[in-house]
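Same chain, two partners: subunit A is paired with subunit B first, then with subunit C.
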Partner chain A sequence: MSYEKLLETNISGESAKAWKASGKKAVGYVCCHVPTEILIAADVMPVRLRATNCVDSSDAEAWMSSFSCSFAKSVLQYLMNGTYDLDGLVQSDGCMMATRILDNWSHIAKKNGKAQFIHQIGAPRITNEISIGYYKAELQTLADKLGAFSGKAVTDEGLKSAAAKTNEVRGLIAQLFTLRKEAKVSGTEALRIMLANCDLTIDEYIAALGEFIADAKGRGPIKARARLMMIGSALDNPEYIRVIEDKGGLVVADALCFGARSFGEKLVIDDKDVLGSIADYYLTRNTCPRALDNRPAIHKEIVDTCKAYDIQGIIYEKMQNCECWGGESYYLEPDLKAIGVPMLQVEREEQMANAGQLAIRAEAFVEMIEK
Partner chain B sequence: MAEIEKVEYWRWTESNWKNPDIPDWRGSLITAGVDIGSTSTQAVVMADGVPYAYSNMRTGSNSPDSAIGAIDWAMKDTGLTLEDITYTIGTGYGRVNVPFSNKTVTEITCHAKGANYIYGPTIRTILDMGGQDCKAIHCDAKGAVTSFMMNDKCAAGTGRGMEVIANLLAVRVEDIGDMSFQIDEEPDPVSSTCVIFAKSEATKLMRTGWTKEKVLAAYCHAMALRVVRLLERNGMELDFAITGGIAKNVGVVRRIERIMGIQALKPAMDTQIAGALGAALLGKELVEKKRAKENQ
Partner chain C sequence: MATQNFDPTKPVNMIDLTCNQVDSIYQHMLSKGMPEVMWTVDIQKYVWEEVRDAKKNGKKLIAFGGPVPVTIIRAFDCIPFFLDTIPTRIASMEDLAGRYIDETEKYAPTSTCAIDKVQIGVALKGEFGIDIDAFVHATVPCDSARIAYPMMERLFGCPCFTFDCPFRHDEKGYAYLAQQIEAFIPFMEELTGLKWDAGRYEKFKGIMEESNKAFDLLTQLGDLRKKTPCVLPGRMLVLNEIVAPLAGTEACTAMLQTQLEMGNMLADMGMTATRCPEERYRVCLMQNMLWSNTGIMDWMEKCYGAITVMDGFGYQDGVIFDDLDNWERVKMQTAESMLLTPMIHGATGPTEYWLKVIDKMYEDYKVNVSIFMGHVGCKHTWASGKIVTDYIQQKFGIPTLYVDVDAIDPRYKSNDELRAQIGEYFESVVGAENFCK
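Up next is the complex of A and B:
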């Protein structure tokens, strides 16, 4: 397979269709607190739901609250209009908006007579021994139910084998980040590549990403007026970054849950407690400020990334009604000021209706920080 | 049936100006800035970094035509032609549609530079209240932007919102500021989240017997509150000044000053030209830099 598939932003569903045609199950999930290793170990294809290129969410709006974020509404729209044709949905309570996707889809699927594996796992918002133990129990229930659903029990060996594959992805993504740091891969391209992980089987993804990295290593650096980092709400639209990069910025790093945060460091498995290792890894890694006790660590990681990647400015995109990233700037700004990195805050919706507004802000920001 | 006279209350006065202290521009470095905003277009011509001529007119439906119209009106009776202008910078929403520009720069950068020229190097916070958006800008002593924040999405708190109210109440837009003080007591503000909501609320208040003056006071109050929130979010550092069309509306300006407990610097020239002025100044700097490099 050529790596061209990595750069396709539309959700074709081809891989899931082919997977299902072989008699196996494909299940969607929302939020990176759902460990894909469990799905892979059950021989279920994990499909991370996104709403890239959704232009109309009017069907979902009839179901969701007006206070739901447009990402959640658009994902539900894609479930309702058949963009996703999957065997079920696994959801962590990453945020309330995402939880509403599961609530509504569960009801709509039932109403339409569509058989679905529906399961929600609780991911505590604080990290200590008790909460990790609770989360592990939640994952065990998921593993048991999923194994029964797919016909392949989730075993320690299966989980270890799955972790070896996800770690291979993490290793390749680390190489991708090096290429971003060297300005050989744009932020737009990097997000496209990371989004492809949502829709391809893990074997397809590893093969394609390996090819891409080998090719991209030979590139020269992209000329840009300013090196930027993106942080904020779930961003699954590479076009959003393209608008910024068209104005002279180069997004060389991110702290986005569809970007760097969904991959992270390698997962180290303790043979004595395989599922416990997975629970500990997924609950303690700093994906987003949903937790009550990880915000200083997230801020420190952002500051450290600024230093390591020679970042000149941060763009903080905040989706309207985002509960996780709603008010982080107030706490983060002093840390960034201390290292002399300015931050531009922009509000956005899932559907790109404000490209012009974003462009003027991005261009002015680049003018302000370029050396 | 007799034709009803249609009065466009929202229309503000267009103007052009020529510097009487510069009798001849020949021999000077001529640079220009053209700011095509959503509502108004300005062209400023500078001779050796001093304003020589400008025009301020409404933006039409065709941005290139607006740019040409504005520069032509600014150059009228000066003997200048486009060929005499060494460098032109386009700015504003229509900056990419200035057919004779050498470069484009955002209006945020240009407004800071222009305000630095108009108000002097002590200016640190600029509130630009434009036709369809509003910007709180911080700058340094050279007029370089250090941070900025813009309003999101709605035209409430912008010139367009004021034009809508002018038409609704049949009051000339330029009279709104003074009229809004012809009241016994400051009323509560109308809705500031949406121009359409504000319009509906103003209609309702008129029906309940409020005078036009009182409704205008409530509207100016709402607009002031809205932009004060933007200023507070970006932080206030003195000296402070307001640019853009709404800077001419005392009803909004004095209320901002009262709410913030500060005084805005008073301008010595038309605040609507700040963006184009900044663009022309940046053009001059670029030409001088290039010449200095060539002479090295």
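Up next is the complex of A and C:
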């Protein structure tokens, strides 16, 4: 198998279609607090919903209004127009926009007579023993319902086996990040590769990514004027990074929820409490400032990454109407200033409407920070 | 810019400024000889002066945001300070609201809810005018609050406690919140140096009994609003929003009691709250209250005989605590009542919760004009808007007017533009006669 499909940015329904053709279920999910291990253990193909290359979300806007985030609207658009043809949707309340994708899709699907497995997971916004217990109970409910839906009960053994596979992916992504650090893989390419995880089966993804890494290790470093890190709202469009890299920046690290944040460190399972280990892992890792008690930790991770990756500048992209990633600059900027890393803040929409302006700002930023 | 409410060259003391403004209104009404409505200002004086004088009275001041157990805070002899009362109080003053909104927009997106932008702005400028001993907040109502509260925690630099509200309001969610209420007790003990012992619990029970009385009165007031014609003007909905920090106080009960007596008296006299000859329309503002222009309700009453019988924020749904000696039961009911706080009840969970609130409001209050006066900061309600308004059309046969407003920032839309939008709807869709022409 070639790894070419890793670099395809358009959403491909091929894997899901083939999976479904074999009599199994494929279910979409939204946000970082849906543990894919549970879906895999239920023999359900997890498809992380994204909206890459969506150029018109006007049908969805009629439901969600112009005051909603364009990522959420575009995901709903893809559900409505059949870009995604799946058996259901699982969503955690990452933010209120994510919850409204589920509400609207549930309503629209019902109205159109389309049978769907719909499930919402309550993901706490603080991390302590009480909240992990609640989240674990939420995951148990998901596991029970998914098992009943797919016909394959979720067991501890199934979860451990699934975790072994997701950990294999995490290990490969860690290698990809080493290649990024060595400037052998561009930010554009890296995001493409990470996005492919959304719609390939996990076995397809492991095989393709392994091949890619073996190949990329032999590359020479990419010449660039400045080493950059991207942080901010859900970014599922590699073209956005390409505009920046075309101006001489090289995005060698990120703190994006379709990037580094969606993979993280390896999941360690305690045999005595398998689901509890999964709950603890997903709630404790700092994927997104949706939580109320993880801001300082997220900022520290960003600062540490800057040091480890020799970052010269950060690009902080904020989606219009994305509140979660809206207010980080007040405390993050001084922390970055303390280590001599400037930050460029840019506002964006899901649709690439301001590429020219972004290019000008990125070029000026690169000129300012290049050594 | 309209009136200058402060000297922009000097720091503002928000609490003193507000107390002085409320006192001016009080003195004005006294001088005009309006004893029958003094209670509407008495309660405002009580709220603001209680906060201003907390330290003078040897009490700790606890700022709070979102639904938190205010009765427990009072049981520990502390004064709860509901931060939302600042933006709602100054919303009609564009210079003052603008001062804080603009300050926050240096760091946060303009799309952030202006309720939070005002609060952060006051904190950034250090202009509350009082020292806060602790900050207690919840993870609802919305994503804007979730940016604002952690930021304010760091700006306040005081002990903080966060209640994580579950997305779904079910038994599992109540139990989750009840566990956190249990954890809140040691936080309060450490903060105050007071023990949650039998004596404290007796005090708490007294507060809860008072709170039960207030909720019963609110229910009766709600029932009174259901009558046709409605005798209570839309503005009373705004006043009743003051109850959040006052739970369990005699002042709150007394205010609601007076309001009920006044309402009953007007009903007995066969009067209507509208300022034109008769009540013609019963309006529901299905989202937030428009604090930046509450006069719009007076205008609808005067020009169209349209009385705002209920709004999404004013709608009270709660519980009567039925076994105050049973702490486990009290915790579960407290959790339930926290999640039934106005606009937490309908807007923070799945959209179906909002539909339930709509059912109760539209059926019980005999609503025949539906207006989505949508606060632009309340994006999660906009994102459910079509589901809800389609439901209203289908079930009640009422077309809903969508108007985008900023509930706090009066600069967003002028009074004239708003009146034009609403007036056009009344005259062309509802077919109403304009008595002001």
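In this section, the second predicted complex is superposed on the first by the 371 of 371 C-alpha atoms of A that agree within 3 Å, B and C clash if a C-alpha of one lies under 4 Å from a C-alpha of the other, contacts with A are read in each partner's own complex, and residues count from 1 in each chain.
The rule we apply is simple: contacts are C-beta pairs under 8 Å (C-beta built on N, C-alpha and C of every residue); 3 or more make two chains touch, one makes a residue touch a chain.
In this text the structure is predicted, and so the values were computed from the model without any measurement.
In the overlay built on the shared chain, the residue A:Gln357 is in contact with subunit B alone; subunit C does not reach it. Shared-chain residue A:Glu323: touches subunit C; no touch with subunit B. In the superposition on chain A, A:Asp93 makes contact with subunit C only, while subunit B stays out of contact range.
With both structures placed on the common chain, the touch criterion links A:Leu292 to subunit C but leaves subunit B unconnected.
In the overlay built on the shared chain, the residue A:Asn81 is in contact with neither subunit B nor subunit C.
Once the two complexes are laid over each other on the shared chain, residue contacts for A:Ser12 go to neither subunit B nor subunit C. Counting residues of subunit A touched by each partner, subunit B versus subunit C, the larger count belongs to C.
Shared-chain residue A:Ser65: touches subunit C; no touch with subunit B.
Contacts of A:Ser161 after superposition on the shared chain: neither subunit B nor subunit C is touched. Across the two superposed structures, the residue set of subunit A contacted by subunit B and also by subunit C is 347.
Of all residues in subunit A, only 62-65, 67-69, 72, 93, 95-97, 99-100, 103-104, 107, 120, 122-126, 130-131, 134, 137, 289-290, 292-293, 295, 318, 320-324, 326-327, 329-331, 347 touch subunit C in the complex they form. By the touch criterion stated above, subunit C contacts subunit A in their complex at residues 107-109, 111-112, 139, 142-144, 146-151, 154, 162, 164, 166-168, 172-173, 176, 179-180, 183, 350-352, 374, 376, 379-380, 382-387, 404. Of all residues in subunit A, those touching subunit B in their complex are 342, 345, 347, 354, 356-357, 360-361, 363-364, 367-368. Contact residues of subunit B toward subunit A in the complex are 93, 105-109, 144-150, 152-153.
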